[in-house]
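If you scroll down you'll find the structure; I have some questions about it.
Chain IDs A, B, C and D follow the sequence of writing; residue 1 opens each chain.
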Amino acid sequence: MAEYNTMEMMICAAARYLEDGAAVAVGTGAPCAAAMLAQKTHSPNLVIIFEAGGVAPILPTMPISVGDSRTFHKAIMASGMCDVMETMQRGMVDYCFLGGAQIDMYGNLNSSVIGEWSRPKVRFPGSGGANDFGSFAWRIMVITPQDSRRFVERVDFITTPGYLDGPGAREKAGLAPGTGPYKVITNMAVMGFDPETKRMRIESVHKGYTVKDVQDNTGFELLVSPELEETPEPTEEELRVLREEVDPHRYIIGR
Amino acid sequence: MLEVVAEGSGPLFMDPDPDKAREFFRKKNRAMVSKVMSVREAVEKFVHDGDYLAIGGFGANRIPTAVCHEIVRQRKKNLIFAGHTSTHDFQILAAGEVFDRCDIAYIIGLEARGLSPNARRYMESGKVQVCEWSNYAMALRLKAAAMGVSFLPGRNLMGTDTFRNSAAKVVRCPFTDKLFVLYPALWPDVAAIHVHEADVYGNCRIKGISVADLELARAAKRLIITTEKLVPNEVIRQDPTSTVIPYFLVDAVCEVPFGSYPGNMPYEYFSDEEHLKQWLTVEKDPEEFRRFLDKYIYGVDDFNQYLELCGGIERIMQLRAQEHLILNTNRG
Amino acid sequence: MAEYNTMEMMICAAARYLEDGAAVAVGTGAPCAAAMLAQKTHSPNLVIIFEAGGVAPILPTMPISVGDSRTFHKAIMASGMCDVMETMQRGMVDYCFLGGAQIDMYGNLNSSVIGEWSRPKVRFPGSGGANDFGSFAWRIMVITPQDSRRFVERVDFITTPGYLDGPGAREKAGLAPGTGPYKVITNMAVMGFDPETKRMRIESVHKGYTVKDVQDNTGFELLVSPELEETPEPTEEELRVLREEVDPHRYIIGR
Amino acid sequence: MLEVVAEGSGPLFMDPDPDKAREFFRKKNRAMVSKVMSVREAVEKFVHDGDYLAIGGFGANRIPTAVCHEIVRQRKKNLIFAGHTSTHDFQILAAGEVFDRCDIAYIIGLEARGLSPNARRYMESGKVQVCEWSNYAMALRLKAAAMGVSFLPGRNLMGTDTFRNSAAKVVRCPFTDKLFVLYPALWPDVAAIHVHEADVYGNCRIKGISVADLELARAAKRLIITTEKLVPNEVIRQDPTSTVIPYFLVDAVCEVPFGSYPGNMPYEYFSDEEHLKQWLTVEKDPEEFRRFLDKYIYGVDDFNQYLELCGGIERIMQLRAQEHLILNTNRG
């Protein structure tokens, strides 16, 4: 097998979940690279959408902003935020990618504050479009480092809804049925969510890591999927496309 | 549940549940594949008896005439029609008696040209169950659907019989304590819109007013596009600002030059006022109207044959001159 | 004074109410002619708006439809129905013109049915944009023939709200405060609405007609303004502009 | 009153009463007169201490930088800011500490570039009262105002602390019995939007994504337009389909070439990543940042002088090459 770094591993793992003909709302960085990789390999009909209005662009280079001119370069439509968000609210977008300073066992995300909201110790940007993406897309994907300060028992602030406090909570709160966190991809593992308890569980562990490694870097108890496996490594072809076509200047994979 | 202060007693023909719509749109194909087909095929595949149908454009301006004709020719039945900004399209569909339920905002009339005797007879026959709205009310219902929510508020219809015979409800705003009408979302089963340019995938451009077609395209579960001409995808991608309907909303793309005839197509050709007058005239006598329909709709295979009967390219050239004000006085 | 016909009289009378810098939503026919006349005489800054999306066009000829290409010929914007209606709902449009098969003493308009709604004797087109215009514009203007079958005690169906059943009724129903019918212009007179009772009243009578003529052709009791006057006749200049510039082909004034 | 199922406890900074907005818009001048003026004059006339301010564009893309600078230079104070899709604009305004209340959707950050140390300090200082929202929630609030209603429904924010610290409310839909968040309308006192082309009256064109600027232009009580260039009114009238902001919404038209610098202006010039990095670097040291602001904002008369300090036309030419992918690798 070829050599690859952690970022390459995460991007390749994420890309595989984006099946042909799906629509995905992305931000900048690794999610955008994953979507581009999927599009250039197994999912030529993947529809890439940016919250500021760019729909299905031919991305010439990595965008530095979800609203910069790359995000609608040779796009099929340069629209606006409401049109994109409402396309998602109508149920036409399958995946979204999100991040955050904290994530908990139900996949709730915090990108607002550390500490008390009224007198925050640390202030972060806030929701941006994250809450909207996490409410409207069918499936939420997260790419983030495995770190117990990041994977916490309880996020200080739920900016974006995961499964909230467990089974049925999204529906009870009024969120569209059938939506929620899908995969969390880290430098060590791919985690999904237990269908019954809606708790995060390890589904595959990357080569060189163990379940214990993952648990040791997580601030809450992880479940383990009965079908636990090793995450397939990036293929030579995936790495070639990623390095030559998706991110030739190593903006993302060079991090 | 919001306390309902007042509610109309008209029938609500379509379910405003956004989750059912989400389930439908989740499965809608998003692959960028050619959807080019004939109008006949598009109507066969995407317009089913009993469907809720909506037609784009305004009155006799930028309307998908070929789709209206084909629906009549294929003798579709029991449709529910969105009688929203509809004039000649309504007249055609009423001629075929293809619908038996109708949301009314504007029907029967052809604006300054007068009322359609046949459409009026049909609407007075008792064969059609109706519900009352206004143009903006219907546009709001489509906008709610396009936004993926089950209702939108407005400050119209209040206090009127239009409201009392609608299916809208009045509630109080929890922020201001003021009254608002809530309109239920409308997801039509199928819609047809005529545009200036589309690529084979269904990315569309419209020149001039868009009426309520941007909302309609997003609200409709299935969407038939007729286009004055097909353009390469590269042309669309060169200027993404001009795309108003993205391909993933579209199910069929039919190239129909002069497709809004006898209606007006902005920047292309003006309406054929003589032919529209002929419709209004022959409709006075049901027997004569039957012969007229046999000749112009039932008796032809497609829209091109209809165009030929109406004077073909020669007539279009005259209407193009009128549109461009080349013969300013020659308005029929 | 110059000779003029009834239609010319009505158009000139209506045009005078459209002050410079106002915005007016019009249909086809006489209202459009009145707006054009105002714009070409005392109100160069009159903003003419059509419900289908045409905003401030340079009208080359009379439109035959409120959505035909004339309505946005060299316009400052070719927009859509929601944008126009919402501009009105925000309070940016001062006047609208409406018509109907019936009008009552409170200025309520019927363009839907004669007879019972459930089994109409006569079916008319319905609201179209009339109810929206009548709900959103600050002031409703009506141009219609004086005829007791048209001016009825009680309209069979309130398609578009006038003052409904009297003072305070619009506000009670939820309509925006300060809106309502303003002037009704006929072949015989200009009628306004009594500020207290909201009932229709004669404000000026055209040359050659009397209050009695007007009342005789009205199916309900009209009030008479204490400042009753004779409607000023069209000026030579108004007639010249109307005939030469607004409607040279006599589509409207030749009716 | 609709029964409120849940409500956020955040402060509502602006009155969502549509009738007060109607009274304001009733009096807004609709005459087609030249509104051309300098940015200084526009900010003096239309931005008042205590105003609710909103800025168009997205992040550092198509932003009216000159207006942000001028607001800081004129030392406006006690503003309320719409922290919606804001990055470099927020950074500038936070540098001037011109606002003391803020609706938060996205603040402090510059997307992939990192967080602004100074903006963060300001927001952690306790000097600013805040309310939480999301980008779409804020867009919906502007859309409600643009539509002339006091609220719009959405299916976001539900179940989160974002909701609990917003001023939104949850109600049940009377048609479907489903829960919806209602967002209160937001009519900003003043907004500034940067566009590609405008005429002297304020008719505007934008190329590429419009973000939430069409809604913002319609919601704002007063509107300052900065434009890359002025175009004749005839150019606007030749293609009315391309107008996205009609003149009667606009109070000031300021010609500001390269006006989105150091941000990206689609089809014109890319963002100056070096200059943006310099901001983030100097902000780490408050003393150094003070000197930086003195040099680039307080110490210049206008935006043209700032541009000169940043490399002038020469620098813009490099950024234009980057925008057009002429030097594909030269991304700062």
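Here, a residue touches a chain if its C-beta (ideal position, glycine included) is under 8 Å from a C-beta of that chain, and two chains touch if they have at least 3 such contacts.
Every value quoted in this text rests on a predicted model; they were computed, and no experiment measured them.
Chemist: Give me the set of chains touching chain A intersected with the set touching chain D.
Modeler: Output, common partners of chain A and chain D: B.
Chemist: What whole-Å value do you get for the distance between chain A and chain B if each is reduced to the mean of its CA atoms?
Modeler: Distance between chain centres, rounded to whole Å: 40 Å.
Chemist: I'd like to verify one number: the distance from the centre of chain A to the centre of chain C, where each centre is the average of its C-alpha atoms, in whole angstrom.
Modeler: Going by mean C-alpha positions, chain A sits 57 Å from chain C.
Chemist: Report the inter-centroid distance (CA atoms only) between chain B and chain C in whole Å.
Modeler: About 28 Å, centre to centre.
Chemist: Would you give the residues of chain B that are in contact with at least 2 other chains, written as numbers and ranges?
Modeler: In chain B, 18-19, 148-149, 154-155, 178, 180, 207-208, 240-241 touch at least two other chains.
Chemist: Mind pulling the chain A residues that touch 2 or more other chains?
Modeler: 72, 78-79, 82, 89, 136, 176
Chemist: Looking at the whole structure, which two-chain pairs count as touching?
Modeler: Chains touch in the following pairs: A-B, A-D, B-C, B-D, C-D.
Chemist: Write out the stretch or stretches of chain A touching chain B in their complex.
Modeler: Interface residues on the chain A side: 20-23, 45, 47, 55-58, 72, 74-79, 82-83, 86-92, 94, 136, 138, 176-178.
Chemist: What does chain B use to touch chain C in their complex?
Modeler: The contact residues of chain B facing chain C are 57-62, 83, 85, 87, 104-109, 111-113, 115, 120, 123-124, 126, 132-137, 139-140, 143, 154-162, 165, 170, 178-181, 207-215, 264, 266-267, 270-271, 273, 323, 325, 328-329, 331.
Chemist: Which stretch or stretches of chain B touch chain A in the complex?
Modeler: 18-19, 21-26, 28-33, 145-149, 201, 203, 218, 233, 236-238, 240-241, 243-244, 246-248
Chemist: Residue numbers of chain C touching chain B in their complex, please.
Modeler: It is residues 27-29, 51-54, 60-61, 64-69, 71-72, 78-82, 85, 89, 108, 112, 117, 119-132, 135-136, 157-161, 164, 169-170, 172-176, 249 of chain C that touch chain B.
Chemist: Write out the stretch or stretches of chain D touching chain B in their complex.
Modeler: Within the complex, chain D touches chain B at residues 1-4, 12, 16-19, 148-155, 169, 171-178, 180, 182, 184-185, 206-208, 240-241.
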